[in-house]
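Naming follows writing order (A, B, C, D and E), and every chain is counted from residue 1.
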């Protein structure tokens, strides 16, 4: 190794991969070509991006839990459902605030629902991790089964507490309806989702990119013993991440429930496949990846839904297949899994 | 002789052997031992699941491939028979010819799809593959409900079967051993025979040189390639064998139910049941499929009644606050879910693994 | 019998093996040495087909086998033991070796035979296990062996294949002083058969000195020396870049 | 004395648990009411055996067989989902016993999959669609439909379309059942409707997950487009509050029918549960009324041929007024209600106010079986 | 000289297997203790037991007089590491998905980001193992066998620790790098870092060892000064050589 640079030379720096972002742009361009009309395209694109952000929020918890921690948590939907049901209770109890025409009061109600939902989902996540997930770290099959068992239990408990029937979760007054941008209409609620989605993205990207947390989790998944031998408490780390993931799912549940405007116990199970697809497209554990993946999902559904509604049923799956054929480990591969 | 039949892979635990024997005898005499339509239905479902789960064990336990598309093949078998019976049934009802044609068509389609999936598995690895199969299975289910002309959509297909297999067919005047022999019983024994034979065949496959290579690939496919086994060939082979057996199992189920629909064969729930049974029974043991299926199908069908019997409905337990709501038969899934969790906890190596560990002391430790 | 022509592989901008042309004859043991990261293992990977070459060919009996997959090459007589142990961890020691024996006999696609019936394969397996002194541990899982024992099993897998070309990648690394000679004896016996090509990557110079008929030196992917052991070891490049004995300013 | 055994198979668990529970409750209340609380007909005790089909067709099928075979049920009622019902139909024929379908809606139950042992008190999809068509069918109205892209949605639209006489149907939009974002579909509908003259209506047929009413958030009003849909269970009608003035036709709403049976049901339900009865409660109640009426007529005789001949053409009281099993396909012919939504702060849902009762005679419900 | 690390009658079971049968060992502060023994003797198991990766089923492991292992000990692996022990496992324990940089960053507990790494110490390490500098941004899984071994050692010394447990560091290393390694460990020793070293390479053992302990069949069968062993060919033969080959 005689040509190795002498000690003290500059250490090489990593480069950022922009190609998935170009893909996003290409999809939008393709959408424009297919859709034709400008205002329709704008409506579809804005709605699709906003939808993507909602999907990103509900998927963000899973990015941590499944993507980074490698826990195939099929029970993730339960936290989403819990979040949504907690929102029905909180917002049901704040009728004055949600019914008021003032945006501020409405946002307080939604905010309160989010905080409580995150707290409750996080607390349940704590129990879930200790009782259900902890014994099966690193064992995918058992994770699937045991978390599925957890999911069933969770869903049944929800039925015990809130009943099996659908519960309405109406949007607060001022979040209903649309804003008009020329001929294009954008639902107000989606704008709220955009703000929150971007916030979650920024927070996750910062925490995982600027601190050692992301590295620690990935390393802990690969060789837990070694990480412990380096002096880190993997147990606490994983617990913390799981709770954070659950809380994010709770947040997602509030947003999803408000989007659907009603809540059923199966609400979490219904989005399970969707969010798994997003995480896979993103590359298992990459925040940016699942962000881009969610946006792609949102856009593809809208463009395809407009051009060929019949095919929209398979748009997510087709998208996932296409991405994996291009990049077998997702848009932003995280390690060699 | 018995050793030959079991392909030199005996249960290796006395208790396990006893349990297996009891299961086989119980299933063989089910029509006479357990009267009633429900009991026979449960027994038939056990039979079908034994085959389905065993085929999945070949894939998962022996080859180490996690696929969620297994119910797709199950569904293909069921729909093959159902569609053939509805379409090809002539004036004088449905003949065995039509059913066999349906089965053959289904096997062909499974072969084709199995190959395609196998090819995809070469491109993407492990967990990505699992997720793709999950999506493929979902897409297939969507397709089945879309093509309602052919498949009956969400509602599924009810169809008739050859006369000998219908409940109306009663060859004997008097009951035999206290049971009226009708077409249902005949169908049951048809199922029993096929399942027994195919299960033994599967046992043979996993104990063949081929089966051992599958294990090697599961353990370390890189190494398997480096000693000269083309893992693509073996993986695909395993996928195909298991797909074909699953198809057969699907056909048997359809034959038994005289009905098929998306929820009955294609749903993710069934996939999950299969996965659970494999794990509870003991992965990579084949016998696990038998014990697991019997146990699980039993629980699935009688848990609710168990709760009712325990007093969860109208009984004293129902009066207890909170607990009352929890032990209500309507919440039986709660207890099944709890069972899931506890089984995974307490049988890390499955029932068979547990039983075998009890009876052998294992290889002796380091004795330098 | 085995030859590489201009064999090259690039990983991005990094050329790990650079235009290596070399021929190996039966009956000789060629030691391949070079600093860490010189490309020795990668060279093996290219020969045995674990990695596809960016350029160049691998010839076996004057036939170009560059297009063949790893299993195909193995079945044509290229055998490989790995530097970082590659075993079937969840299978017993005996089953590890038996699978390799079975691979050599090509019975893997038989779906109907009962494997236990192949007594002949079992006999062979047991002989091999005895040869590497793992017979007592035949029922233990490969994963539960100590590191040194795993290395022996790795060698046993290669021996079971009985290929025409043996490639050993640091076979004795991590073996204790009394175990290493067992493996070295096996290699010596192979050499004595005079009909096998033996390639050996080894950092222990005493072993190389004693066993090798010829030494090939790789440095930064390129073949920089090739010849008589004594001469090669004495050469500058080996002394400086590899042994680090010559007084130089650079520590590497 | 002896007893009469009635099996009630429904979704006590599974995705339709909430519906199944309502039906079961309604059925029990109906039996009580019809027997004046004695639970006896002609001196015979009515024994109800409840079974849970979990929404699974194969299970439903084997439960029905077990009910007729093992439990010696004389008559069976249920199930909740159409898929389960269709799987059950042949069993009734095999055991030669009556299956009274409630509330599964698929047309084919009394259509091409029908056999003579099948009766149905619940409304079928055609009745739903036709009544909605009658409610919306005015000259000068332009209609586009939005439905799920599978058999249920397509059949509904077809029946709706066939029943439209004066209005103009300009577009049928079908979206996948798993649709979550309705923007694209809405956009297509808007494009089709916005330049049409006259009253513009999007008629929605949707069941299960997803909320198609969200399309209203795209500000359809600026194009003068209205939304219409049928009735639903109360929690689902909460979102109707956003659509005051919306019209459609419903099967049942507790405030609409004016008759003693309904009054009794509503009063009893309020008394027991402090809330009004819902959609499926009324259905279960009706089924019970049908069973008891028939048994009273046969004087407790449960022989199937006797029951069939009694029930064919039989009229019976229900919370929705008098229903009649028509001879041809054993479908209960019944009134439907044209409603308009009013927002009343006293209720958590949009209140459907009766515009007009659509009598059974006004609806030309086709007979589709092969009798 | 006080013992920094002390093992008294340590037994270890792995599952049903009894591997260590009462290990007694004292590692004096500031010295290099060589742990020798043939394959399967239990060296690796001993190191793992000290690290808390296998629980000691009986006996006591004490570090600076405090019990860090044995029944009743409240110390888990992370606590043991934080007490000042670094470990280079036999299997290297490289995080192959992570880059060399990220591997090093994790090993440096004090640094949250790359910028916070101790550059001087890093350069000192690069001096011994230049390959790590060259492949700084490479996924560690793609390094050559020897390079991985360098990374494993480098990780353990990125920050000063009181005690290093090193399991066969020289395997796979080219002779030049082995010399660097010896030099590196010697420098650490000068800084009074205590080292417990498992090694088959005699040259290294001689160059570094102060004290030596020889294991066989899960027990320490000999302890003494390295110099004595080096001088006594008969002892070497008896403890390490072929004459002890009790294998079948």
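A few notes on this one:
We take it that a residue touches a chain if its C-beta (ideal position, glycine included) is under 8 Å from a C-beta of that chain, and two chains touch if they have at least 3 such contacts.
Since the structure is predicted, the reported quantities are computational estimates derived from the model, not experimental observations.
Farthest from subunit B, judged by the mean position of CA atoms in each chain, is E.
With chains reduced to the mean position of their C-alpha atoms, the one farthest from subunit C is D. Note: centroid distance subunit A to subunit C, computed from Cα atoms, is 48 Å.
Rounded to whole angstrom, the centroid-to-centroid distance between subunit B and subunit D, based on C-alpha atoms, equals 36 Å.
For the pair subunit B and subunit C, the distance between C-alpha centroids works out to 45 Å. The centroid of the Cα atoms in subunit B and the matching centroid in subunit E are 51 Å apart.
The residues of subunit D that reach two or more other chains are 17, 149, 176-178, listed in rising order. The set of subunit C residues touching two or more other chains comprises 35-37, 136, 241, 252. Contact of a single residue of subunit E with at least two other chains is seen at positions 17, 40, 127, 130-131, 247.
Contact residues on subunit B toward subunit A in their complex (touch as defined above): 60, 66, 123-128, 130-132, 134-136, 138-139, 142, 146, 272, 275-276, 279, 283, 325-326, 331, 333-334, 336-341, 344-345, 348. Considering their complex, residues 4, 7-8, 204-205, 207-213, 215-216, 218-220, 222-231, 233-234, 237, 241, 363-364, 366-368 of subunit B touch subunit C. For subunit E in complex with subunit C, the touching residues are 14, 17, 37-41, 44, 90-91, 127-128, 130-131, 142-147, 149-150, 168, 171-180, 200, 202, 240-242, 244-245, 247-248.
Of all the residues in subunit B, the ones that touch subunit D in their complex are 35-38, 41, 142, 145-146, 148, 152-156, 158, 160, 166-168, 253, 257-259, 261, 263-264, 304, 329-333.
Listing the residues of subunit D that touch subunit A in their complex gives 15, 17-18, 21, 149, 173-181, 183-185, 187-188, 191, 209-211, 213-214, 217-219, 222, 233, 235-236, 238-239, 241-242, 348-349.
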